[in-house]
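Next come the structures, one after another.
There are two complexes below, and they share chain A, which is joined by chain B in the first and by chain C in the second.
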Partner chain A sequence: MRYLKTTVCAVALMLCSTSAFARDLVMNANTSDPAQKLAMEELIADFEAAYPEIDVKFNLYDHEAFKVAMRNFLVSDAPDLITWNAGNRMKVFVDLGLLEDVSDVWQAEGLHEAMPAVVSASSVEGKQYGVPYAYYAWGFYYRKDLFEQAGITSTPTTWEEFLEVGAKLNAAGITPITIGTKDLWPTAGWFDFLNMRINGGEFHAQLMDGKVAYTDERVKRVFEKWAELVSADFFVENHPGYSFQEALPFMNQGKSAMYLLAPFIVSMFPDDVREQVEWFPFPVIDPAVGIYEDAPTDSFHIPKNATNKEDARLFLAFAAQADVQTKTAATLDMLPPNINASVKDDRFAQGGFAQLGQANGIMQFYDRDTDPALAKVGMEGFQEFMQNPDRIDAILQRIEAERERIYGAL
Partner chain B sequence: MTEIQVLSNSRRRTGSTFLRKHQLIIAPVAFITPAFAMFSLFVIYPIIQSIGLSFVEWQGIGPQTWVGLDNYRELLGDPVFWKALTNNVYWLVLFLLAPVLGLFIALFLNQNVFGIRLVKSLFFFPFVVSQIVVGLVFAWFYDPAFGLLATMLEPLGVKFPAILSNENWATFGIILAGLWPQTAYCMILYLTGLNSVNPEVIEAARLDGAKGWRLLVNIVLPQLRAATFIAVVVTIIGALRSFDLVAIMTGGGPYNSSNVLAYYMYDNAIFRYRMGYASAIATILFLIMDLYIAWFLMRLLKNEKGSR
Partner chain C sequence: MFPRPIQERSRSRQLMYKVALPISLIIWLLPMIAIVATAGRSLSDLNRGNYWGMPSEWAFIENFAKVFGSSSIGTYLLNSVIITLPSIAGALFLSTLAGAGLALYKFRGRFLILALFIAGNFVPFQILMIPVRQLTLDLGVYDTYWGVILFQIAFQTGFCTFFMRNFIAELPFELVEAARAEGVGEWQILVHIIVPLVRPALAALAVLQFTFIWNDFFWPLILIQSDELRPITLGLTVLKGQYISSFNLLAAGSLIAALPPVMMFFAMQKHFIAGLTLGASKG
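Presenting the complex of A and B:
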């Protein structure tokens, strides 16, 4: 176990300050990707410049290690600030009484008006428990040159067009979609979008809350649509063998044309490939159903057991400012939740921003919206389905059994 | 005067002799206490705590709910548990190839030619590198699109199967990766064992006309019993606690087809926050190991009695 990569944490990047009356503000963060790390370091440096008497102690963890560690440090040795995710993931800790109510910061800074898109994701029973610093849209990252090579002139906006694009790519010898499902979660993006496009946001939210059975006919319809793609050879072969990064070379080498993913992929493309990459939102399947999107939100929270809550509140207020959010989100290739902030001037950020702007509602993401144990069983099921579409009934029964164990019989 | 003298003398003796009288008890206890305290605190107490946790439902923080034997009942009906247990059996059986292969490599390398030390150390190399590295390297070998094997076989017109993303082959792909360092370890055990084989006995056997297979089985192997013992024990324990390779190569996937008990336990505790259920798996794994160790110790005792 001690060898396991994901449990190894990158520890303690101390940022030194020479202030004579330093007030320590301890922050534990999971922002370990290069762009995230840079954004957080810049944010802290700017904060320390604005409040020279405060000294931020920044502890950086690997994403998975953080999930494990926070369950310890929130109880035993709480920092003053943490990074975490809004929505159900935050609610779990709010319900356990481990996160501080920061509604006063929202009031004082007028954040209800400034961040309308993330109010509900940051709230539990009308009170706010965190301040989001960035959120992002999911969508298709595709190679324009490969589309042209296959004779495709415009991006698909409907399901029929999408199937047609795939058929043309396959005919040109290009696998339409790359995906790496070793880490399971990339499959959940597909499920979320198909379900939201076919059954709408309200049904999706109910399913996430365990209020609908997975054996429901409406859920089965999602997999029927998905099976159309699987049987038409839309996805790269052997995807369970690849992590989400390991599936990227298919696109870099021109063997595959599209990837349904989030903006953190942008910085991973080699420069020459990135020039060819463009973005389009998930196509409409049923025009009668509104547009619902996945927009995972990352936020700052104050643990209930923190010692320096006063300065932590200063930090939350600082991080919510429009100009600060502009800078942070731009470094992250993500979107600033503050409406007065400006979105980075590139095609990915602008495209995602426009899509979320016209959405009827947003969700976080499958493994952020539903119970973690159910999410694991669900995503394993999605992976098995993508390899063996004929086993769908058995798979749905298994997921339903887990749903029933957690949320009770319907 | 003399009486008083004697009395005080005997008094002095009783004062200092309590320690001396019970020396045979006190000394060992004093020496064992620190080690025993540490062992209790860091090994025995967690085991008891873990068994206790297997009767509750707990997500790592917050309240614990007593559920009695529910976790175990759920385990019995959990197809992933049975799949993991089956895979553990595959691991156990196939891993026993390591001592056999190790023995033959050791016999092969046990000769005095120029550069043999270098060759020996090259054979031992896989045991030196971390399991994580072994896992990564094998995962790259197996990669059906960009991997070494696939690239080599492609010009020959052979399509290399996707071992790690195939539900039937993933476990065997991982076991093969695990055999590589394990064989190296068994080899080194046998090489040291072969050093202590008595050349006079071999000589005598040769004079009596024993050679080849019979020499190996009847003369050399009995002298390697200590090495075989260690090799088998270490291999079986290694097979039962196989974790790192599964974690790094497949994460138990695709869809749990390569899961093993140790990884399924970790998965439940760390990714699903089901500490109680994970503890139940841990307890089962603990029992399996206990049964094996008990059986093994009993056999060992019997053998020792027999040889006396």
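Presenting the complex of A and C:
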């Protein structure tokens, strides 16, 4: 046993003495979806081809593990690059002084002009702390064949049409909307869109910043509209029992027609179903209110404690190039933030791109825009509301109590 | 004797037993069956919600090939071995020494020391996260095998010492006295008398520790960053996506990861049970 120990330890020592070569670039990432993984591997391979003297060490985590590990490695032995999300999620770490100011990269590469849509999401008090590589639109993925079966000829553009589509689908024995709320966040997509369509982007931004009470009349109006859908049996039953991925089979089996979601779902439709899937944006509720969209942005950041910041900056500049962004976003089924890059020629990417192009403003997503603790309580409330709409007053009071705890009394 | 052998029961009882046993066994094993079944399905089957029916195509080999192809699972397995074996050896070595010390020598405060070892087991290990991370950084063993190995040895020694101390205390003390009367040195007593006698306890502990350390996810997550140093528990999570997961690959990977502890258990089953029930029959 002791001999074994010595041998094993010797091997171990040899293996761990290989760190710290001059031009190692360590990147820790949470991009573990199959498409994300592929996109990152390609991006790194291209970068290494362009800079042969740099060796990228890629450490991939799943998202939940990454959240735990990140809080450890950022304050201790930080990597040179991380993947994370723009908006409030980034700001949390900026406020802790853990992310590097990369405004110089933005200046040098002219990114303010090249990526106008994501400037504000990447900025805290006028300085940029990350470089986005992809963003994406949310919207309805629906099955054309099921719509036809229910006698629906065109996609809904107004709230009335949307209710009518649901009624027709229900009459044909098809549940209009599938959703899995076990992971909570799919509910937040609904809240975001309803609030932005009813109360507009400015109000939504204020609510996300904790400047409006959740017990406000305008917030209540959002839930009145939402309750119309719940009482008209729009959603699949027992949705708190399914993760968002487990709710997808209803659509693939033809039992349900629509899913309000983002492009990472596209690769999960089996080939024959994917042929029938199309995309439409969230319908207009109040024509007087502008179009605001959720467009979550994924980006690269340099930790403050990184050792090789110089090469990390090279990587940021490389990843921001138009042709690189074209390729990365296409692999991800997402959109390139660089306006000189081209959007993948497919109906989902093009549809989302067109919708974001005509939007009056974009937000990140509920759990990326507001405080993480508030987001959790809020989304638990949304989930409960979708099961028991009559409890709305108690739910809103609970969310408001959490908002007040975090952002203070109004 | 309890439980009474089923043969002594009435015919109807025996019949009930024979019917109920397979049913409860299947219910008990359902999660395991689900994992095996999922490992043999294609992703499109899962996306269609075909979890329990006949798979449209058998994808066992394909899935396992993908697990080996798309992640460095071979390296992860090797890393698990590199971390687990020295940790077990270290914990057993230290706990035998400490256990013998506490059991054989009557000195003041020995109960307090034993109580400290036991109390250590009640500390929720998560609260050690930040101090341990800082310690490994200061020692220069952060993001190396050593960081995890040293911590596992330190943490597991508490339980092992408690276990070994009780086992050694059960041994007839006359053996030690006789050896001392013959003029045998204390070290010789430990090596030639105590260790051979506690071998069953060491074997049981080794199996137990193997499953503990092999299955540990938390400490490698905190103390290791580099992909090439990760053990299998950490490596497997890479198969879990940020949004979407290939459950079939996850299931296949989990089966691979679970195999060594299961094999270890079957190989050492006798010791394992003996270890768990050690002293249990004593009145």
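Operating definition for what follows: the second predicted complex is superposed on the first by the 388 of 410 C-alpha atoms of A that agree within 3 Å, B and C clash if a C-alpha of one lies under 4 Å from a C-alpha of the other, contacts with A are read in each partner's own complex, and residues count from 1 in each chain.
Here is the rule we use: a residue touches a chain if its C-beta (ideal position, glycine included) is under 8 Å from a C-beta of that chain, and two chains touch if they have at least 3 such contacts.
Remember, predicted model here, so these are calculated numbers, not experimental data.
Using the touch definition from the top, say if A:376 reaches chain B (first), chain C (second), both or neither.
first
Contacts for A:88 in the overlay, against chain B (first) and chain C (second): which applies, first, second, both or neither?
So A:88 meets neither chain B nor chain C here.
Who does A:73 touch here: chain B (first), chain C (second), both, or neither?
second
Who does A:250 touch here: chain B (first), chain C (second), both, or neither?
both
Go through the superposed model and pick first if A:338 touches only chain B, second if only chain C, both, or neither.
neither
On chain A, which partner touches more residues: chain B or chain C?
Counted on chain A, the partner with more touching residues turns out to be C.
Touching chain B in one complex and chain C in the other: list those residues of chain A.
1, 4-5, 68, 249-250
Show which residues of chain A lie in contact with chain C when the two form their complex.
These residues of chain A touch chain C: 1-2, 4-5, 8-9, 11-13, 15-16, 19, 26, 28, 30-34, 36-37, 57-63, 65, 68-69, 72-73, 76-77, 79, 244-245, 248-250, 252-253, 262, 264-265, 267-271.
Given the complex with chain A, which residues does chain C contribute to the contact?
Chain C reaches chain A through residues 43-44, 46-49, 70, 82, 85-86, 89-90, 129, 133-134, 137, 142-146, 149, 221-222, 225-229, 234, 237-246.
Quick check: in the complex, which residue numbers of chain B touch chain A?
Residues in contact with chain A: 60-62, 74, 79, 130-132, 139, 142-146, 162, 164-167, 243-244, 247-248, 250-251, 253-256, 266-268, 270-274.
Write out the stretch or stretches of chain A touching chain B in their complex.
The contact residues of chain A facing chain B are 1, 3-5, 64, 67-68, 71, 74-75, 96, 98, 181-184, 236-242, 249-250, 372-373, 376, 380-381, 383-384, 387, 398, 405.
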